[in-house]
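Order as written gives the chain letters A, B, C and D; numbering starts at 1 within each chain.
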Amino acid sequence: MKDIQTTVVENQEISSGYFRMKILAPEFGRMVKPGQFVMVKVRQLNDPFLRRPFCVFRIGFLPPESDGLPPREYLELVFKVVGRGTEILATLKTGDRIAILGPLGNGFDLDSIGEDLLLVAGGIGVAPLYMLGEACAKKKKVRLLLGGRTRDDILAVTDFERLGIETYVSTDDGTLGEKGLVTEVLAQTLADGAPSAVAVCGPMAMISVVQTICRKQQVPLQVSLEALMACGVGACLGCMVKGAGHSEAEPRLLTVCKNGPVFRDVDIDWAQFA
Amino acid sequence: MSGISQQPAEPWKPNLQVDIGGLTLRNPVMPASGTFGYGEEYAELVELGKIGAIVTKGLSLKPKTGNPTPRIAETPAGMLNAVGLQNVGIDCFVRDKLPFLRSVDTPVIANFFGNTLEEYGEVAKKLSDVPEVAAAELNISCPNVKQGGIVFGTDPRAASEVISLVRKNYSKPLIVKLTPNITDITVVARAAVEAGADALSCINTLTGMSIDVRSRSPRLANVTGGLSGPAIRPVAVRMVYQVAQAVSVPIIGIGGIVEVEDAIEFLIAGATAVQVGSANFVNPGTMGHLVDGLEAFCIEEKIRDIRELIGSLRI
Amino acid sequence: MSGISQQPAEPWKPNLQVDIGGLTLRNPVMPASGTFGYGEEYAELVELGKIGAIVTKGLSLKPKTGNPTPRIAETPAGMLNAVGLQNVGIDCFVRDKLPFLRSVDTPVIANFFGNTLEEYGEVAKKLSDVPEVAAAELNISCPNVKQGGIVFGTDPRAASEVISLVRKNYSKPLIVKLTPNITDITVVARAAVEAGADALSCINTLTGMSIDVRSRSPRLANVTGGLSGPAIRPVAVRMVYQVAQAVSVPIIGIGGIVEVEDAIEFLIAGATAVQVGSANFVNPGTMGHLVDGLEAFCIEEKIRDIRELIGSLRI
Amino acid sequence: MKDIQTTVVENQEISSGYFRMKILAPEFGRMVKPGQFVMVKVRQLNDPFLRRPFCVFRIGFLPPESDGLPPREYLELVFKVVGRGTEILATLKTGDRIAILGPLGNGFDLDSIGEDLLLVAGGIGVAPLYMLGEACAKKKKVRLLLGGRTRDDILAVTDFERLGIETYVSTDDGTLGEKGLVTEVLAQTLADGAPSAVAVCGPMAMISVVQTICRKQQVPLQVSLEALMACGVGACLGCMVKGAGHSEAEPRLLTVCKNGPVFRDVDIDWAQFA
């Protein structure tokens, strides 16, 4: 875990309202595990005040600046513009200063995945799944179900395909891939045979359906959750979720930032999201 | 540090040591309760041996689950929180959290509270049995559940009662943390000192609220929450100044400290030490930066002892 | 405005009209006293006929020169001011400033104060003789010079006394403006309504202070000043919400309004109208922007009458 | 007076810690009088909150973007980095958005100047004097005394010289021009013969000395003052100075933003600055 003042290498709008940003991040490569995130200070001013959490989408290397030097590491974010912080992030240009704190959180549990991993993403929910796919694609069968409201919400398909990951796209309005909900595609896929594990990230409504489907089919599921965060390190207790079996008498409160953001579905009290 | 390099013949370092009601700190910088967990959360990022003290999350007699989420909302130059004093409870703290703190060469200040008068007393008693706890910080900004939820800290009589009781049960340095949600903070400040407080912390959060206009619902599940961050600094500095005029015990200045200048502002207003709250979330390096910055400021301004700054406002 | 263009068949505009204690406003947006001069200062930049009302700088019986400079200090997401209620006095206002206001088709609300109980009464009497003044806003956040400087607005008895006296002398809509520097704002709110207030304005500025660390002197010549701007919005929204629970007269929400969402936040919390203060300095177009934005919001959310928003918080 | 959202055309560091910024400002040319200022919002965020006042240094025209269009007007600021607002201003680049409100204030009284104008500037105090020089240089004798602590504080000499204005530079440390205070140069210049008017801008300590010298020699003086400002239009009453003859009984309070920033020295109560 490090807190660094660093530099934007590149910031590109990849689809309407979605950006991909590369940030110089020395040594992050060996530190980041798939599913971990960073807290970004979009501007060194008091407004906006708090940092914003973003998954590490990918780690990459820039060509060395001169012979003999090692290639420079960067981390890549994929983000959606939703409010003030991401609006500012969208305006940042090559060379602009930015502060990142991380890597944070637990990341996916790679050991329990088995041989046949199914990734399920809703829109910007692809963000934590690329590194997971990358870590597994060589040794396992990995497929990706990618859903979105419309064509604009389908991101990074070629990145996954380049890893050799079979990718199935669906959109609510049929503007890209199959027309329909990604959860319908999931139900169908599971009907054809259960994978050894599912990993999901996306809007809570979609995650809940995925959870119901996987629970019914008894497929082990890992979910990457979101919560409002102030600190990202377990200190503020702002980002709590109720763990499975939580009660006032026997509290089981988990921090999304430190105990998560990735949880086994069986460890979460799903009633809280109903 | 420019002073050092410019005067190699006579290098000197200012004295940053301060005394809080009998507790000596190597420097006046510490975290504010509830923004630094139990110390270990930031151990990877903050050199714990460098700061003046570690202040724990508020502890209660029994574990407390706090409020439902959402508990956090960002506001202009600040944030609201309604964590609801979630904590592991005093017993679990001593069992699970203290061993780590023991390994750090920095005094531990235990922040604590009760839901009733009696609970305050019991926690104080338990704390006084813990040798690793160097001092206690009594949070009186909590509603008195038995007396209809009136906040202990807004009524000088209730404050006096709870502080006197705690004082009986606790003989090490006792810091009382005041609430800013009050007409005249000096009234409770005086009552606190009379009831036995060795030092005062000013301020806790201002009560605030924020609404999501599309859903028309409060951004915090608890409806209201505590406002902290740079936004409240002018109020905090004013209250520290007022309290410093009213009492003669040491004051710990809290509220919106981000930069070195902010910490110095509190010292000049009359604080002997400062606590950094929300800024830890935004820049975990803040406290280390403040310690270095205070030293550099003293050198630049030729201040041999940081205590010269305390209450040095020139009007 | 998208709603209009998408439904050309049935164009409609929401009703933005609100009523403040008998005074009907074309929309709920007006300036906060002291941030808009006497109206004419912003005439080149603000379409005065578009806003709900014009609120004057606080008027007193005699002209007042205010505090020495510096009177202004910037703070995180806000500012401190210690203008000290400088104003031309009620007589000069009527003679020199009113003619311009008469030319504008927007109701004028005269904010006023006194240094003593009697002065409050006399200004009220003078105001009631001015037909162009549609309503009066009574600022009780001032120290009572005769009674040792205790602020009228922090003591329900003193507040009640001054409001009752003013009420006797003034029969048009009377708005009482409350101070936030208080433990429980609902106590004074209730006292104000009982004493005859037709409406309440919440909030005035929070008392704050800022220090220049190099000179170690206060940034304001007056040492302390009033904190305003976005920084205080969460406190203001909370107080409006509390007051709305406690009384049934209309409330004017004030404090840190910059964006349309901020104004709506106050309405949902329970305000019937809003005042824009410091934001006028930063963006003189703010009020016009709010009027347009409120209309657009109502259309988008299919709200036919803006009064549906008032106090519509969903918990 | 207009409040416009506009664009930075150019921002250049002209000396260590000093910048010259060109800002697109349609129609400002015919509006701005020498000595007027604008209030700049350095960033559309709540922090820093207030606008910053800056004199209009110059009005210029960019070549038209395409044939037939009129040339585009810009206004130019010269500013010194002293705090948070100017630090941010210094980072703005071509194409960045900025908001300006103006022109504000009264400007210099051109009618009373006579035939022989002496400009006196301390450091960044040149800012309001260029347009005044420009307005007078064709018809009158105009000279400029330009003082600074060191070479770096001497700005825009060639701009004035291009107008045909004789410029005398002095620095406290002698790194450029004569060694000594600009007020000493002024005393000497006046000893050689009084101009018909003096206009001064600079640090208050220097202005006070200039005022004393001019009063003694009975040379009409116009001073451009600074004050902390919130509104810039006379509404907040933050920027008051005491006028000549001010007393509690007979108050004469003037707003720097509206009654000024330029005052005849005889209209000011100089004791307040002592």
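Before moving on, here are some points about what is shown:
Quick note on the criterion: a residue touches a chain if its C-beta (ideal position, glycine included) is under 8 Å from a C-beta of that chain, and two chains touch if they have at least 3 such contacts.
Small disclaimer: the values here were computed from a predicted structure and weren't measured.
The set of chains touching subunit B and also touching subunit D is given as A, C. Centroids of subunit B and subunit C (each the mean of its C-alpha atoms) stand 34 Å apart.
Averaged C-alpha coordinates put the centre of subunit A at 53 Å from the centre of subunit D.
In subunit A, the residues touching two or more other chains are 46-48. Touching of two or more other chains is recorded for residues 75-78, 229-231 of subunit C. If you sketch which chains touch which, every chain touches every other chain without exception. Contact residues of subunit C toward subunit A in the complex are 76-77, 230. For subunit D in complex with subunit B, the residues that touch the partner chain are 46-47.
Against subunit C, the residues of subunit B that register as touching in their complex are 75-78, 80, 154, 181-184, 206-211, 213-218, 223-224, 227, 229-235, 237-238, 241, 256, 261, 264-265, 268-269, 297, 301, 312-315. Those residues of subunit B whose C-beta lies close enough to touch subunit A in the complex are 34-37, 41-42, 44-45, 57, 63, 65-66, 69-79, 81, 83, 86, 229-231, 258, 278, 280-285. Note for the complex: subunit A touches subunit B at residues 1-3, 41, 46-51, 99, 101, 227-241, 248, 251, 253, 258.
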